[in-house]
Every structure is written in C-alpha cells, then in structure tokens.
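One structure is given here, and the rest of the page talks about it.
Going by the order they are written in, the chains are A, B and C; count residues from 1 in each one.
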Amino acid sequence: MAQLVVENLKMYYHTRNGQVRAVDDISFTLEAGRALGVVGESGCGKSSLGLTLLRLLPSNGRVVGGSVRLGSDELMAMEEEAFRKGVRWKRLAMVFQGAMNALNPVLTVGSQIAEAILAHEKATKEEAVERAKKLLEMVGINPARYSHYPHEFSGGMKQRAVIAMALACNPEVVIADEPTTALDVMVQAQVLKAISDLRQRLGLSMILVSHDLSVVAQTCDDVAVMYAGKIVEYGPVEEVLVNPKHPYTQGLTQAFPDIRAERAPIVSIPGTPPNLLSPPSGCRFHPRCPLADARCAAEEPVLEEKGAPGHRVACHYVSKSGEVAEVKFA
Amino acid sequence: MSHSLSSTPRETPAAGPAPIARKNNGRRPGTLREVWQEYRRSPRGMLGLGIFLVFLFLGLAAPWLTPYDPLQDQFLADGMARPAWMSYFPAYRMDPVTVDRFLLEEWDIRTADNMVVEWGERDGQRVMEVRTTGPGPARLVLEHAFEYRSNPPDTFILQVPYAFTGEGGATGQAVIRFETADGRAYDLWTSRSLRNQVRWTTQRVDSRDMQLKMRLGFRPLANLAAELINTQGEYRVVLELTANAGEGGEALFTLGESRFRIPGKLHGVLGADHLGADLWAQFLYGTRTSLLIGFVVAVIAVVVGTVVGIVSGYLGRWVDEVLMRVVDVLISIPFLPILIVFVAVLGKSLWNLIILIALFSWMSVARLVRSQTLTLRERTFVEAARAAGATPGYIMRAHILPNVLGLVFASLVLLVPGAIVSEATLSFLGFGDPRVPTWGRMLQNAKSFGAFGELAWWWILPPGLALTILAMAFVFIGNTLDDILNRRNQER
Amino acid sequence: MTGAYFWRRVGYALLTLFVIMTLNFVIFRVMPGDPVSLILSPDFTPEVRQLLRERYGLDKPLWTQYLLYLKSMITFDFGRSFTTRQPVLGELLARLPNTLMLLGTSFVINVVVGVVLGIAMATRQGSRLETGVTGVSLFLNAMPSFFIGLLLLLTFGYFWPIFPIRGTMSVPPPTGFWPTVIDRIYHLVLPVTAVSLSGYGSWYLYTRNNVVGALGQDYVLTARAKGLTKREVLYRHAFRSVLPPIVTLIFLSLPGLITGAVITESIFSLYGIGRYLIDATLQQDYPVVQASFFVIALAVLICNLLADLVYGLVDPRIRLR
C-alpha cells in the first residue's frame, strides 16, 4: 500500500537574486513499511525536500506546485492548524540533521520528548512522562536519565534521544535527515542499527536523507538520487547501486569505496553542483558529464523506467532497454 | 616559560619574526581599500559617515560660520531672543531686531554755536574734541536719527564716554535727550555742572533703570523702552553740550565712541541665550568640543584597553587574573555618579573630564583584545617567534598588536558616542568645564535660566538632537566597521 | 553549585570591597592636599579646627585614621553632613523611598516592555512594524537620557502643562490616603516615563537579537516540527534559552539604575538619593559623597554576586558539580 505519494512537487526559495529551485518537479512513492533513501551532494535540495514535506519552510520558501498525499490526505492543501495538530510529528516525524543541536540545551531531554506527546494526544503529564521514559528505554537509554540536560549526554545518546523523540507519537512516516553525520564511525554504526531495528519492530516507513551512499545502502529498500533539485535515478537499492545507469549515480558509486574490490581507485566527480538560481539548460548534469552532447544541453531527459522493473533513470544516454553507457571519471 | 626568555638579548628575535610582521604591514593598504569597498556598499554606514562629516565641518568651520565668540560676546541681543528667521512667521514678524549703532562717526551736528569739532586721539582710539571758540556761552547739539520699524522693544542702552576740561573757570554741561517719532522729547540724563577737570567716564543710560523711569514720570515697573519707542518712525538720540567759557577760558569736551543699542528679540541662526550670547556660536563650538572629547577619550581608552588586553591575554596567570578582576569591577560600576565624585574632587577642567571618562571606558576594549590575544597566542607564527627566542614584550608588540588593530578600530568608533554623551551629561548636571562651550552646558543653561518657561525650543532642541544624531552616526559607522572587520577576522 | 564556587565568589567580592574602600579613603583624605581644609570649613577658628580635628580623629596618624574609617564604613556610621549637620545615614534613608519608587517602577517597566516587545518583534523580523519599532528604539537608545527627560518636561510640563514639573508631591500635600497616593503617582508619571524611555531600548534590542538568534537554532526547528504551537515554540524553546543571560543582566544592571536617579531627580527636582549626591558634590559635602561612593560600591558587589549565583540557578549548563 502506498503510504506517501509525492507528485510533481516543486518548492522554490524566493531570494533577492531570483528563484532558487530547490525541489523541482519531484515524484516518488513510499510504500508502507519501506525505507527510501534520498542521496545527493550537499545543496542538491534533499534537505529542502524534508522541510517541504513537514511544511517547515523558511518565510521565503514556497511550494509552487505538485501534491503530497499521506494515506488519503493531501498535505499541501491542509489548513496550517489542522496540519500542525494532526500531521506534524503525529503522522510525519523527523530526525534532524546534527542532533547535537536539535535538543534545547536549557530543557531536560525527557521533557522535550514528553512535550511532543502532550502536543498531540490527550495524555496527562504523568502519562506523557511515563511514555517518554519507555521511549528512552526503547532506544537504549536508562529512563532514569529523563531529567538530565542535553549537555550531560554523549553524542550518540543525544542522537538516540532524538530518535526516541521522533517515535513519540507513533508516526506513520519518519524522515531522517543525515541522522549520523556528526557522529564518529562506531557510534554511527550503533545508531544505524538502532534505526533499522526499530523500523522492523514498529513497521515504520522512513525517508532517509543522506549524502552517504553506504548509509543508504545499509538501511534502505529504495533509493532516489537527487541532482540539482531533481531526481535523476530511482529504484530498489540493490538494483541502483549494482547497476547504476545515470552518469551521476555512476560517479557517486565510484566515489564510494567498494570493500569488495581490492584496490579500486577512489574517484570524484569533477566540477561543483550547479547554482540553483540559474540551473543549466537541458540535463542539469550536462556541464559535468563526460558523455554530454548538444542534445543534453538542449533537451531535458525524462525520468522513466528503463530496463529493470522499477528502475527509473533520467538520461538520454540510457537506451529504452536499459543499456548503459559506461562512464569513467578522471 | 616566557618569563625565562625575557633575559635573552633583544637582537636575537629580529631575524625570525620580522618578515612576518612586514608581510602583515605590506598587506594593509590593500586591506584598507577592500574595507572601504565593502563599507561604501552599506547604506547605514554611509549615512553615519555623512552625518559625521557634516558635524565635522560644522566644528572645524565654526570661526567662519559665526562672527561671535560663544561665551565672551554677550548682550548681542535681548536675553532669550528668538532666531532671526522666525520673523517669517506672522506672529513674530514685527519683533524688534537689534539696533546697534556706534555713534562717533555717525553724529550729525544740528547746531554749533561758538563751538568747533575737531578730531583727536586718546589711547590709540579716535575721539571727538569739542572746544569753545570764544568767550561766553556756547552750545553744540549732536543728533543721530534712526528708523524704527518693529514692535516696541524691551530695552535700550546708551553709553557715552566723555571727559571735560574747563580752563580759566570755564564750565560745561551735557544732556542726553531722546526724541520720539511722535514728537515727545525726554532728557534721559543731565550732567551736573562740569568744572575744571572731569576724568574720562562712561555714562550709561539703561531703560531698565528704575530711578530713571520715576524721574521721567513713569511707574518703576513700566517698560520704559516700550513707552518711548511705541510706534514706527524716525527716532533721534540727541547729545547736547553746553558750555560757558567765561572771559578768557576754554571748555573742552572729549567724546569717545558712543553706542546706542536696542537689543533685538530676533537674533542670528538659533537666537540668543539668557545673557544675549549667540546660541548658534555655542552650538558650533559645542560640536567642536563634542568631537574633540569623543575622539580623545576613545583614543586613550583604546590605547589603555589594548595594552591591558594584550598583556593580560599574553602573560596570563596572575597578571591576567588581577587585570580581569579590575575590569570586572570597573565595568559593573555605575560610572556617572563615580565620575561626578571624581570631577568634584579633582576640579572641573576639560582635560580632567576627558581623562576620567577615558578611565571608565577602556574595559570593553580590554576584554575584546584579551580574547583575541588568547587565540593569537596559540598561532604558529607566535610560537615560531617564541621558539626563536623573542621576548614577550617583542612578541606582544610585533605580532599580537598588528593583528588586533583591525578589531580595535571598530571599537574605537563605538566608544565615541558614549564619551560624547557622558561629557554632555556631566556638563548638564553642572560638572562641565565652565570655560568651554558644550552642548551639555547649553542644555544646562536652558534648564536653569528659563528656556523651558519660554518654550524656547530653538535653544533646547538643537543641542539635544545633535547629541542624539551624532551618537547614532557613530553607532552606525562602528557597527558597519565591526561587521566588515570581524567577518574578515573570522575568514582568516 | 558547590560551596567552593560560592565561597570563592564571596571572597572575591570582599577583596574588591576592601580595595574600593581603601580607594575611597585615599581619594578623600590623601589626594588633594591637606585633608583638614577639605573636611573642615575654612571659616573655623584655629581652636575650633583643633577641636574638630580631634573629634574626627584627624590628629591621629594616617594608619589609625584609616582603621577608624574602615570601622565607621562597616558600621554604616557615615558621620554628619557639612551642610545640614544631620547624620548622613538618616538623610540617605529619608530619601531612599522616593528613589526606590522611581527606580523600581521604571525598572520593572523597562524590563517587561523591553523583553515582551523584543520577543514580539523577533517573530516579525523584517516586517514594517518591526523595522519601525527597532528604529525608534535605536534612536531613543542613542538619545542622552537627560535629554529625554528634558523633552518630556518641555512637552508635558510646559507646552501642555498636564503634569507637574517638579517635586514628589503637591505643596501643600493633599490629606487622606488615596489622594496622597494619587498625588504621588501623578508626580511620578513624567520621571518614570523618562527613565523608561531611555532604558527600555537596550532590553528590547538585547532580547530581540537573542531571540532572533535562538529562533534560527536547530532545536527551534525541531520544536516546530514536533507540532508545538507558535506560542510554545517561542516561549518554551526560543525565549527559555535566552532567559539565563537576561536574568543575569537584570541583576547586573541594578547598580546602574542610580545613574538614572541622578539624572532624572535633578531634572524633575525630586527629593531622592540621586539629587542628594549631586547637591552634596556641588556643595563639597564630603561625608555625604564618601558615603554615597561606599554604598554604590557595596550595591555593585552584592548585585554582581547575586548575578553569579542566579545564573548558576537559571542555566543548567553552568550548574557545577
């Protein structure tokens, strides 16, 4: 069953210098109980996507088109108050980038979890406290630390507390935005494991936003590769990572060291992500793409299924049958 | 460990650290131009700079913008005269403007009977010598006519300096008479009969003189000036000199520069204060004082703050502890009352004021510089210099100081408004230097001498608003510089 | 908070107080020439002078004088005023209620108006209203506080004479409790407004800037994502996190209020401590000046100490273990 359906979503920031097309015509479907990874370089609009879904845009960010359906509700058309009360956190929760700063330093960790419960459910204070303690226990934190302040927690504990907070109202979908970025590798692994376990236990759907393909590979069922506000490749994780078709995805997978390969040189994609104020014409990747020709600069490729079922790519160089042009980055 | 190094010879460090310092200096002009490029893009900063330049011009050009001395030139107009331009308002159109005539050259001779007028000199001043030309009675009538076209004035003042010599039993008498436009005549003063030698004296006639009023038949509280000058027309000041040379004698009157004044109720750009001194002059010279105080205080405070900050931050340990405790205490003391006490004990001179205000202004700079020094101390070039055997004094001077200057420059500008307002407040409360014209003193006089009762807003508003606007201008400039320099600092 | 932290703070405060008291002694007795001419009126005959010297202990060596001085300061025995011949402590206490009334009222107004306005405007950053309020606050903040007082006096005391221009009560004073209270309030309106207009600005700007800063923090975004109402986000999260420095500032700014009293009381001719200090200084009434100096220093130190302690209570990060 499709839990979250995003169709042709467009969100632009209006700045003094013009529109920044941070989310530009994005569509995807998140099935119940599955996890979708959204990968891309920083500044490609992946974090904006999360904020758009929760309608937490800064004052200059505006949704200019498209729809987001959660179950049977159209989120983008809802009244703000109804959305705040009924959807935000209750059905759609978020684990923020840099959990270090996601907790208010002058409030106890427990109370910050409890207040989420109190905001949405008719629970008494005591019930909320009880549940918050259970949640802490669930992510492996001693419930006795309910009344401790964030500065008394370690980095990994804070991150787990933030996850507990996201689960406070039993949401249908959790959006995790770079949940492990600031953590060191060991702690990262623990946190990722905690996320996976919880997801299985609670049957959560999840969108995991990351710049790190390995994190997505470890935790997600599907992956969407974003470039300059658009999805350029979409499909099941194994399929996309093993048979990357879009030159950009190929670049990403080459940039990501393969532990199975003995000594694959780590390569990076030359050039920088485009300025979203005036994105390149045609295929937005063409200025950095080794295959690009006149057609790529003129005509925008459509994201369509090519080759394997469910594997969609937006590239002129991928034939209908899914034949891939091999790309080598210097 | 840095203490043990201080015994090493001074020459040794020069080799290592010098190139670094020079490199820093070499980049400075370019940096300055960059700062200006960025500065001019800030509307707030440019507004502040514009305001500052206007005031700087007013202060510097004060002697050319007003002919008057702010404090010495008094009685230029009636006390609390309105600004001259207020005559454009119907209510004040007919207000008296100052009539101020120097009469020596302006006397017209109406009658000369057995008397002759010659010119002489006394103490380097031109004087008129009036001499009898033969025996018997003699009479000379001098007059000065002037047009009066305003409402009745409050005051007039006449001064006639004269001397008399009667030889061979000659006698004389002088009379000052006033002839009104409607044909009345009043003897304002009649001298006694003059004999022999009458030394040089200045006879003053003041319309506020009660005895004079009663002698002329008015009530003691009457406005004599208004009674006499009650309509528009031609008025005459008359000086009648009579003498009797007797048989073979000779009478000689010597007249100096006589002056006739009707102080106006309209005067100058900003009117006059309670003593008839020019407020525009006070305002202009006040601008000068404010800017002087602002900058001198800021410079002293910045120098002290920088030295304390660098020493405290670089040497650390107990030096730091002690200096920072001093800073903590000074920063939390309400400094105005303490300043008042100090000024009272030490005396109200401008330089006392400046030094005392500076003494209570350097702490924020010291904190800022100290924290910057703490980070600089750990930088490689400082460690390199230390390893090369540089003394702490040398390192602080050659490495730390150049690197905190940018930071300090913004706080220099930001210290100015506080200093200006502090001085104004002290002056307003009566603790200013009485010999120096300042905005605070203008406001103190306004408060003490009735400007409020008269609603003399032209006296009260200009200094106060100037203080506010100038203070704001410095805040704008300082904040803009702070934004630019501190960002630059973080980028580095 | 541990005892060690507390006692170290107290120790510092006592040390500082001692240094200030010594300074106070040095300034008045040693610095400007002969202490006798400073403390005793020059009109006295030599015999009287000698008598007074002995009474004030000025015939004793400096060291003994210093000890006597310390003792008298600690016991709040400030001697008698030169001009009124009354004990200084009594004079100060008689004026204290008026000053407290003026400063207390306006301080509460300052903090409440400044903080509330600051929070309100922080959420409307960039709007026309916010730009206007901030502009006016900057202007009033730059305006010398005595000039604000003068403007009020000119406008509401002389141009529209709706408020009294001087004093703390009518002459003769009204009879009865409520008429007295109303008369007092009537006389306080202009002075309190003057102190508030010149003082609220810094509270406003401080609060606004800090709340704006807090609103940009990740934890505020989290709070919004949690579906908290705007009010909850603003007060429970953004404002709560800037509360500790504000509370500290409240204590730290208490001694500075005396400045407002000095200025305002002299503009509106109020019978209070501020004007007492000015008058005494202008009349070279040194026992009064010395006592004021001491009391102000004491107030500063106590408030600093309180600020330190309270900050520890309000900010969990400072709570030392």
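Heads up, the rule we're going with is that a contact is a pair of C-beta atoms (placed from the backbone, for glycine too) under 8 Å apart; a residue touches a chain by one contact, two chains touch by 3 or more.
Bear in mind that the values here come from a model prediction, so they are computed numbers and not experimental data.
Among the chains in view, C has its Cα centre nearest the centre of the complete protein Cα set.
Of all the chains, the one whose CA centre sits at the greatest distance from that of chain B is A. Centres computed as Cα averages put chain B at a distance of 32 Å from chain C.
Chain geometry summary: the mean Cα position of chain A and that of chain C are 54 Å apart. Chain A and chain B have Cα centroids separated by 70 Å. Residues of chain B touching chain C in their complex: 325, 328-329, 332-338, 340-342, 344-346, 417, 421, 424-425, 428-431, 443, 446-447, 452-453, 455, 457, 460, 464, 467-468, 471-472, 475. On the side of chain A, the complex with chain C involves touching residues 54, 56, 59, 84-85, 87-90, 93-94, 96-98, 101-107, 115-116, 119-120, 149, 151, 162, 165. The part of chain C that touches chain A in the complex is made up of residues 126, 217-229, 232, 236-237, 240-241, 243-244, 315-317. Note for the complex: chain C touches chain B at residues 12, 16, 20, 27-28, 31-32, 138-139, 142-147, 150-151, 153-154, 157-159, 165, 252, 255-259, 262-263, 266-267, 274, 277-278, 281-282, 284, 289, 292-293, 296-297, 300, 303-304.
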